[in-house]
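Structures incoming, each one as structure tokens.
Look for chain A in each of the two complexes below; its partner is chain B in the first and chain C in the second.
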Partner chain A sequence: MTLDTVKHATGTPEAEQPWAALGLKADEYARIREILGRRPTGAELAMYSVMWSEHCSYKSSKVHLKQFGEKAPASDAMLVGIGENAGVVDVGQGYAVTFKIESHNHPSYIEPYQGAATGIGGIVRDILAMGARPVAVMDPLRFGAPDHPDTRRVLPGIVAGIGGYGNCLGLPNIGGEVVFDSCYQGNPLVNALCVGVMKHEDIHLAQASGAGNKVILYGARTGGDGIGGVSVLASETFDATGPAKRPAVQVGDPFQEKLLIECTLEVFAEKLVLGIQDLGGAGLSCATSELASAGSGGMRVELDSVPLRDATLSPEEILMSESQERMCAIVEPEKVARFLEICEKWDVIATVIGEVTEGERLEIFWHGEQIVDVPPRSVAHDGPTYQRPFARPSWQDALQADAPTAERLKRPASGEELRATVLQLAGSPNQADKSWITSQYDRYVLGNTVLSTPEDSGMVRIDEETNLGVAVATDGNGRYAKLDPYTGAQLALAEAYRNVAATGAKPLAVSDCLNFGSPEDPDVMWQFAEATRGLADACQILGTPVTGGNVSLYNQTGDVAIHPTPVVAVLGVIDDVNRRTPIGFAEEGQLVYLLGDTADEFGGSAWAQVAHDHLGGLPPKLDLERERLLAEVLIAGSRDGMVDAAHDLSDGGLAQALAESCLRGGKGVRLVVPDGLNAFTFLFSESAGRAVVSVPRSEELRFTEMCGVRGLPATRVGVVDGDSIDLQGHFTLPLAELREAHTGVIEALLG
Partner chain B sequence: MARVVVDVMLKPEILDPQGQAVQRALPRLGFTGIADVRQGKRFELELEGPVDEAALARIREAAETFLANTVIEDFTVRVEQP
Partner chain C sequence: MSARIGVVTFPGSLDDRDAQRAVRLAGAEPVALWHRDQDLHQVDAVVLPGGFSYGDYLRCGAISRFSPVMDSVIEQARAGMPVLGICNGFQVLCESHLLPGALTRNDSLHFVCRDQRLRIENTGTAWTSAYVPNAEITVPLKNGEGRFVADEHTLDQLEAEGRVVARYLDVNPNGSYRDIAGISNAAGNVVGLMPHPEHAIEPLTGPGTEGLGFFASILKQLVSA
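Here is the complex of A and B:
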């Protein structure tokens, strides 16, 4: 076969090209021809097709994502905003923290272990590329029905993959979520978050200016992994019968990644690099075009120099390969020798594959012939933008009208029924103890983990002298978002924000992973538009800018999309981790206060799902100013020693929060239903803006005065006491019985 | 009693970190001249009955669905003569 060089392409304008099979639309192919003034070569077509895929170009989502920048609240904490590999936040004392959440949904469905493992690897390299040392990971996971046979295939593999990669890498996994819902049966959601820490002066941005500077590819050799994975995996849906295409899956090597981390941090420390980019989706196509775009534009690459694992790879395959554990750096010529020396010390293969040039073209050569000659921005940034049509789904009104009123869904009334409902909720797969999963992850490696699952947020210490720490929580509720995507996305943010505050940390910034169905469906696109608008509006009010994240579309099987599932991560800072607030009620005699207002709100609730398998009505109302106030009170309560335990109220309401706090601390609670509420609403309502706290008696006056002055409703609902949950006049539930129902559930289903 | 051997290997394009680790260790231990190493798994199945087409078909099914992860691995089935 003749090599499809630039010269050859110019001479054979009519040659048939497989643009459709590579996922390009006719008008996109026409546009590539227009940009180049000729037909693309095979290698150019490969680059454009992966870089213009939904996954890399955000072509359907970017018109909506713009709002995160336009509506971003002014924040002194932001050092690097949206658009880089990851945003960077100032946390004081000269430290900066970077964090980001990404999806690895489709690969994890095809090959659960490696899909989830390489998801961790990818997000860790994103953080590393900012110059930060990765210090913790988190994984929000969503699966189909817990008793479905395919969940037994997918879940254990994904959990083992996360544990295997993260544990080998030596990073603690400090939190996340596990949610079951049959809407995720053919599309499990595997989102991965990484947090990294650096000093302000160590922030690195990807760029490649300065002609003559060298392009160095370092890390693993390039093989035939996941070729076309980006366009094939992220842009096409699965057949109802299962994975129709089985492209080569990437396999990760965490020990290679560990070497890459240490090697990269050392070259950063010696100031040997100008720009750096990790190789993720779209591999070298992405890294070279993005690095060149970030500089003046000119770059020349000799593809023959790329170290290969398989000598038979074609140049197109080398450009598209998604081999893991690789990075690309721009290094000044006089520093190349030292760079290579450090790589050799860490046993990392490093090769000069090209250099920055005067021009504005990305030029790639193979066996001395030019196979790519493109303006890099046209590949990396100026891809297609779609204004996809969207419209409120015709079924939305009927769904919202089907509210879970007392007439529609039978509610427990007697003490016996209420007690049974508490047990039923605590033992349902979504509310049950997840330690069978989280104990497969190392939560304490590196020795700085302060809080991890099942606490409200994960917290790590970042300075061992001053005890400065950061807390991160991730939340999402597809059921709420299905009922109302605008409010549902805001509720996800509010919950994560509240979770961070509940542990005593001040929320600073947001990263989001937006998991939706096909953007070609106007119903789904409406959900996406509403969710992004809701999130951007709420971030503005809460003062927490979105620093970055990821969009995963086409999460659907046949015509059926997943629930719209925006997963929101909030990062906060705590000056002294010794002042953190755990969830467990550990001290008898402390007073239990319910903060916030409780209303009859059951739309999308855990109770409606568990007791009636019902989804309808409206999600809980949200008052963002109230969320802010609640957070301030929780933070002040932690800092000034006024609360010893705090737990945010979310799915399952007060009953579930109390169950978790009592089981965690090993102490029971005596409760009285406050005036004006019925026992059912008191126990199970999911009204937002609430938390439950335990207050030492000596601090009661100070605490209630603070709440009074600030205008936050605080209702004394009971006292920590004994070894049962005792709702006076209704029921007594021994903790032993509750624990029996709450633990072992996941293991019994999947172990 | 007949023995059927199922060999499972990672597909050629799939990264094999274990094989690579072995390959890197070989020259350090003085075993030179080895260009590449791929590491796989070998299952030895002792049959209770005769090795007929039906038995082999069952073993292939077991290999396809359980012994090998065909997303990333290939397998071969062969009868080992006693």
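Here is the complex of A and C:
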């Protein structure tokens, strides 16, 4: 086979090219020819096809995502915003924290273990590429029905993959979510978040500048795994009749990644790196074009110098390979020797593959012959933008009209019925104890984990002297978002924000992972447009900018899309981690206060799902100013020692929150239904903007005065006492019985 | 002069910084040792930390055992220097034949991370003298291949010689024979332990501080020696 050089391409304008098989549309191919003034070479076509894929170019979503920038609230904390590998936030004392959430949905369905494992690997490299030491990971997961046979294949594999990779990497897994819903059957959502810490002066960016500076590829050898993974997999709907796509899934080596982390941190520490980029989706195509387009000047790469696992790979395959555990650095010539020496120390293969040039072109050579000559920006940033049509679905009104009223869905009324419902909820797969899953993750490594699952947020100490720490929570509720994507996205943000505040940390910034169906479906596109608009509006009001994230589209099989599932991560800072607030009720005699207002709100609720398998009506109303006020009270309560335990109210309402707080702390609670509420609404409503706290008697006056002055409703609903949940006049539920119902559920289904 | 305790970093070691922190909190001076370096830098004792050295490829601990630093550790351990192997370090000690038996895949086939209760059954070793006899402590356990196995004769010998240093209480988390969590060599200077005492040294970040005794023990021994 003759090498398709630039010269050859110029001379053979009519040659047939496999642009359609690579996922490009006719107009996109025509645009590439227009940019280049000739047909692309095979290597160029490979690069454009992966970089212009939905996953890499955000071509369907970017017209909506730009709101996150346009509506971003002014924030002193933002050091690096959207567009880099991850956003960076100032947390004080000279520290900067970077965090990001990404999806690895499609690969994890095809090959659960490797798909989930490399999801961790990819997000960790993004954080590393900012100059930070990765310090924790989290995994929001969504699966199909818990009793579906395929869930037994997908879930254990994904959990083992996350554990197998993350544990071996030495990063504590401090939280996340596990949600079951039949809408995710065939399209499980595997989102992965990583947090990293650095000093302000250590921030690194992906840019190549300074002619003569060297381009060093280091880490694993390049193999044939994951060729076209993101473009092929994450940019198309699964087709039941298509061939198996397993070869497109990458295979991870966490040991190599651990070495890459230590090696990279050491070259950072010696200030040997001018610019850096990890190799993830689209591999070398992405790294070289992004580095070159973000810097000044061009880049020349000798592709045949790339170390290979498989010597038979073609240049196109090398450019598209998504082999894991690779990074690309720009290094001044006089520092190359030391850079290579540090790599050798860590047994990491490092190779100079090219250099920054004077020109403005990205030029790639194969055994001396030029196979790529492109403007790098046209590959990395000038991909197509689609204004996909969107329209409110015809079924949306009927769905919202189907409200879970008392007439429509029978509600428990007697003490016995209420008691049974508490047990039923606590033992339902979505509300049940998840420790069968989370105990497969190392939460202790690095020795700084202050809070982890099942606490409201994960919290790590970042300075052992000052006790400065950060907290992160992720939340999403596809049922709410299906009923109303605008409010649903805002509720996801509000819940994560509330969870961070409940542990005593001040929320600072947001990263989001937007999981949706096919953008080619106007219904889905409307959901996406509404969700992004809602999230951007809410971030503006809460003062928490979106710092980055990821969009995952085509999460559907055939015509059936998943529920729109925006998963929102909120990062907060806490000055002294010793002041953190856990969820467990541990002190008898403390007073239990319900903060916020409770209304009859059951649309999309856990109760409607568990008791009636019902989804309809509207999600809970949201008052963002109230969320902000609640957060202020929770943070002040933690800081000033007025609150010993706090738990946000969300799925399953107060009943579920109390169940978790009592089981976690090992103490019961004696409750009365407050005036103006019926027992059912009191226990199971999912009204937003609420939390339950336990307050030492000595602090009661100070606490209630604070709530009064600030205008936050605080209702004393009971006292921590005994070893049962005792709702006076209605029922008594021993903790032992509750624990029996709440634990062992996942294991029984999947173990 | 305070006691110097070396903590070896192999490629893939993960709990090395945690072990250094525990040494420091116990009042000794942690000294970072590098796998390629045969020089032990005049340390008084060595900790082989947890992790996945060399990716645990081939077999846990099998490759580390041949690293240059282990030549010196093995030699010094045979001469009486105290050595504590935690988790992956325990696996390395078994592969090095400083301790008998082997650590195999958990019987559940899953990695498990939990707060584990243990009984310290031998307080005569270099690493457990600070505990009262039969002390019951809680420390984190986290492993995928932590199931201690040995032939009946070896197990009987370990029991008879009081070399079962720690035993699992309440739950046997990995199927270890006779609930064994940790053992020592005949001289008592080399101890291997599957659970992680270095993660139970601060109430803030662990289940308590009951793991500190391992590090306090060695300090006591070195200072009084």
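Note that the second predicted complex is superposed on the first by the 742 of 751 C-alpha atoms of A that agree within 3 Å, B and C clash if a C-alpha of one lies under 4 Å from a C-alpha of the other, contacts with A are read in each partner's own complex, and residues count from 1 in each chain.
In this text, a residue touches a chain if its C-beta (ideal position, glycine included) is under 8 Å from a C-beta of that chain, and two chains touch if they have at least 3 such contacts.
In this text, all values refer to a predicted model and were calculated from it rather than measured experimentally.
Novice: Quick check on the superposed pair: does A:440 touch chain B, chain C, both, or neither? Answer first, second, both or neither.
Specialist: So A:440 only meets chain C here.
Novice: Quick one: classify A:144 as touching chain B (first), chain C (second), both or neither.
Specialist: In the superposition, A:144 contacts neither chain B nor chain C.
Novice: Which partner does A:298 reach: the first (chain B), the second (chain C), both, or neither?
Specialist: neither
Novice: A:255 in the overlay: touching chain B, chain C, both, or neither? Say first, second, both or neither.
Specialist: The answer is both, since A:255 touches chain B and chain C.
Novice: Under the stated touch criterion, which partner chain does A:578 make contact with: chain B (first), chain C (second), both, or neither?
Specialist: After superposition on chain A, A:578 lies in contact with chain C alone.
Novice: Looking at the overlay, what does A:665 touch: chain B (first), chain C (second), both, or neither?
Specialist: It touches nothing on chain B or chain C.
Novice: Is A:87 in contact with chain B, with chain C, with both, or with neither (first, second, both, neither)?
Specialist: neither
Novice: Which partner does A:164 reach: the first (chain B), the second (chain C), both, or neither?
Specialist: second
Novice: With both structures fitted on chain A, tell me whether chain B or chain C touches more of chain A's residues.
Specialist: C
Novice: So chain A touches chain B in one structure and chain C in the other; where do those two contact lists coincide?
Specialist: 253, 255-256, 347
Novice: Within the complex, which stretch of chain C touches chain A?
Specialist: Chain C residues touching chain A: 11-12, 14-15, 17-18, 21, 50-52, 54-57, 110-114, 140, 142, 144, 196, 198-199, 202, 204-206.
Novice: Along chain A, where are the residues that touch chain B in the complex?
Specialist: 110-111, 114, 220, 223-225, 246, 248-253, 255-256, 309-310, 323-324, 347
Novice: Which chain A residues qualify as touching chain C in the complex?
Specialist: 160, 163-164, 167-170, 253-256, 258-259, 346-347, 438-450, 461, 464, 577-578
Novice: Residue numbers of chain B touching chain A in their complex, please.
Specialist: Contacts found on chain B: 10-17, 20-21, 24, 69, 71-72.
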